[in-house]
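Note that chain A is present in both complexes that follow, paired respectively with chain B and with chain C.
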Partner chain A sequence: MKILTLNFLTCARKTCKSSPAAFPLHPRDAELEIVETEFNALFIQNILPRVEWDALKGLCTELGLTNVPPEAPEPKELFDTSIKSAGIDEKEKEPTQLTRDLHNLLLETTIQSGKLVCGNCGHEYAIKEGIANFLLPSHMV
Partner chain B sequence: MDDTEKYGQAYEAKHVHEVYEEIADHFSGTRYKPWPIVERFLQSLPDGSVGLDIGCGNGKYLLVNRDVFIIASDRSSNLVRIAAKHAPHAALVADTLSLPHRAGTFDFAISIAMIHHLSTTERRVEAIAGILELLMAQNGKALIYVWALEQRDSRRGWDKGEAQDVLVPWVLKDQKGKQSKGKDRKENNNDVNENDLEEKVYQRYYHLFREGELEDNIVAAGGTVLESGYEKDNWWAIAAPANHD
Partner chain C sequence: MDYLVRFVQVHESFRRAELEALADLHNIKLDVVNYQSNYPYCLVRLQSEAAARLLISRSILGQGIYELWGIGTSYEELHEDVRRRSGHKWSEFRTCSFRFSVVGFQYKMKTSEQRKIIESFSYLDFEGPIVMANADTEFFVFQEHDLSVEIPRMLYLCRFIANSDRDVITKYDLKKRHYISTTSMDSELALVTANMAQAAPGKMFFDPFVGTGSFPIACAHFGARSIGSDIDGRSIRGKPTCNLMSNFTQYALTGRWLDGFVSDLTNTPLRLDRVLDGIVCDPPYGVREGLKVLGTKDGSGTEAVYIDGKLAHLQEGYIPPKRPYSFEAMLDDILDFAARTLVDSGRLAMWMPTANDEDVEFAIPTHECLEIVSICVQPFNKWSRRLLTYRRLGGVAVPAATKTSKRSNGTGIHADDLNSFRKKVRDCAALYSNGILTR
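So, the complex of A and B:
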């Protein structure tokens, strides 16, 4: 489970869905692993406005990850804007180290095992072999 | 939960969930070619769009566009394990009727060959309503694809007026205990002696949609149909929340 994925998850119980306390889910007993994946700077640029930064910061603190910028980065911080790259095609712009760090944090840092806990009802969802399971016991549906 | 609801759930557990869990590897080996309408839909999305693939199976649609982010889900953990390999996307185990996402969040959703596994109209409409609710109210859209009753020219040959709720066998053949040459259709097989194979037949439940039924279900779910059609034995529709622009 990628850190980015957590940005789009909440509790599966209908009674929790509209509760602000159910987002984000809280990782517990998380075992982290870096899984390398292809770097796509434009993907990072495009996805960034969708990331709820305060929620991300909270999650990262809970996971013991310290390399999160205090504020959501501006698009202009993601690419080198020095003279040599001015006027060239968007796809050929040189991404900054910040963009590579965000790629590492959002897409490559994964929870291999542990739990995701709902802050509203306390229900725990297991993550095993990197895959989270949101199936509910029938009395909770 | 009333009795029909409970019965529907138990029935699907036996005739959908258990079957896919058992046939996952082999099923996945036969599902790799994306359907053109789905491919077109996914490729038309602006870069950076965020969406869902509900009932993702082995995740074959996660290969189509790597410039969007898709959170895929399926009830079968064996299929999700296969789907989880397709970067940059994500895959998780979840039930269609209890998805772990917030309302009004996503640009798009696809639900390909999934809704037809739900065994009552109420459950099918509920699933569609659940998908529409997750979309952004202004411009979110969902592509839904279901098996058609009208498929006279297919090898199954079903057509108008026939029963819509059917069990479709999936034949898995075990070769000396190893899963190998199972097929959901008869096929000539020269490299193995048929006598060495032990057949196991799994019955999958399907509701075959008649013409117009998918659109009716979308409207009953409170949605709007933006576009719809027929492609190779299937009905499809692009749906949006009712207050869509």
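So, the complex of A and C:
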């Protein structure tokens, strides 16, 4: 499960949805793995405004990942805006190292196994072989 | 300038809707001058040849696009229109190598007849060589007939511009896909669904009933990245070498599959913020087995269950109990979810059967934050299904009390009762008369 996906997930319990403590879920006993994947700067650009930055920072701290910028990067930081690239087509703009680092963090860093714990109700969701299970037992529905 | 879109003569009610979805995606101004569901040729007005190429480039139900050089109900009328409409263009192609073909729709033509037709255009005065392959330019006479009628109903002379993306249907053919199930959507309609939802590079999509991934694969073909969930953990996990991920690997689209997780839409772990560009799905319709969501039928199970002193739900192999769930309530839940999670102008493309097992038509679900873009119908021998496409309206907040909560949901025990078998058919007349709904 990718770090990006974790930024879009909260506790599955309806009663937790409105609680700030339920997001993000807290990883426990997480085994990380880097899985290389196709780089697409446009995707990073589009997805970045939808990432909850504080949640991302918190999650990364818990996972011991230190390469997170303290503030959400501005769109203009994602592409090289030097004179060299001025005037060329939008599609051909050169992504910056920052964009590649974000790709590596959000899309290539994955939790292969472990647990995700809700900070509100304490429920644990298991991750096995990269796939999390959010099905709830009946007394929690 | 007028162009001719040559459609395939299948999935008729999807064809125009797909073309309009693509025009909207590419910001192309499209005027449909003449479209008829019984015929493959559709006249459109576009601002440039570049727009024509772009419009057809990812179409599945279009075969190609052509520049219109003339139109008529007889050859006399056609020749007259060719002179008037395209006389100024002839010199541009005078020395090109070219190919000239005559194609009949619902009409078989003898070679001698074709030759005679081609010769009747000799006034175009092309001097370039006639070649069968790799011609600089290709001309087509389309001769459109009504079934078993000798006299053509319409004739067109066109210059070929570009083919569609239709060839990819075979690339994604389910027969050659390693991981499929009986409910996998065929590649043609999965690709059409991705077009309706405007899957494109940079976008994030979600399929809440992902199964073996038919829709995310189609979306990936068009450049979008997807996450998917399914209540059935087996379909998400598959087998070690044959699973959702291996399907993406098979097509070298691995990077466009973000994640799959096991969950149920009524208790989704996704945070309900406007983060998705598109939602594509084919919700399970299973009256006979009763649709299942998490919970117990009689409302019991509010206490935690222990086995050998340990919480049952934390043990290996725990299967959560499921309760029956009305199909219509589920559709409302999907719309509510879409309204909360789609970005402005984000799209939901959702399949549903037209009627239930007792042939009572399902109402088209609606939501005040979602505009119905198109309703397409795929008829089968004994039943039919619809593809509904919605667009998330900008500037409308999801109301606190949605109609989902008003519908009785889970109060009955049997799936049969819940699925409102005896319910009066709701009136769709307004949709028909507005031309939104196609019969």
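Keep in mind that, in the parts below, the second predicted complex is superposed on the first by the 141 of 141 C-alpha atoms of A that agree within 3 Å, B and C clash if a C-alpha of one lies under 4 Å from a C-alpha of the other, contacts with A are read in each partner's own complex, and residues count from 1 in each chain.
Heads up, the rule we're going with is that a contact is a pair of C-beta atoms (placed from the backbone, for glycine too) under 8 Å apart; a residue touches a chain by one contact, two chains touch by 3 or more.
This structure is a prediction, so every number in the text was calculated from the model and none was measured.
Superposition note: with chain A as the common reference, chain B and chain C are in steric clash. In the superposition on chain A, A:Arg50 makes contact with both chain B and chain C. In the superposition on chain A, contact is made by A:Glu124 with chain C only, not with chain B.
Contacts of A:Pro137 after superposition: chain C is touched, whereas chain B is not reached. Contacts of A:Thr5 after superposition on the shared chain: both chain B and chain C are touched.
In the superposed model, A:Glu74 makes contact with neither chain B nor chain C.
Across the superposed pair, chain B and chain C both touch chain A at residues 1-2, 4-5, 8-14, 17, 23, 25, 37-38, 40, 42-43, 45-47, 50, 107, 125, 129-136, 138, 141.
On the chain A side of its complex with chain B, the touching residues are 1-2, 4-5, 8-14, 17-18, 23, 25, 37-38, 40, 42-43, 45-47, 50, 107, 125, 129-136, 138, 141.
Residues of chain A touching chain C in their complex: 1-2, 4-5, 8-14, 17, 23, 25, 37-40, 42-43, 45-47, 50, 107, 124-125, 129-141.
Every residue of chain B that touches chain A in the complex is listed here, in rising order: 1, 9, 47-48, 50, 66-67, 69, 71, 73, 75, 77, 80-81, 84, 87-88, 90-95, 97-103, 105-106.
Chain contact summary for the complex, chain C toward chain A: residues 201-204, 225, 227, 229, 231, 233, 236-237, 254-256, 258-264, 267-275, 277, 294-296, 300-305, 311-314, 318, 320-321.
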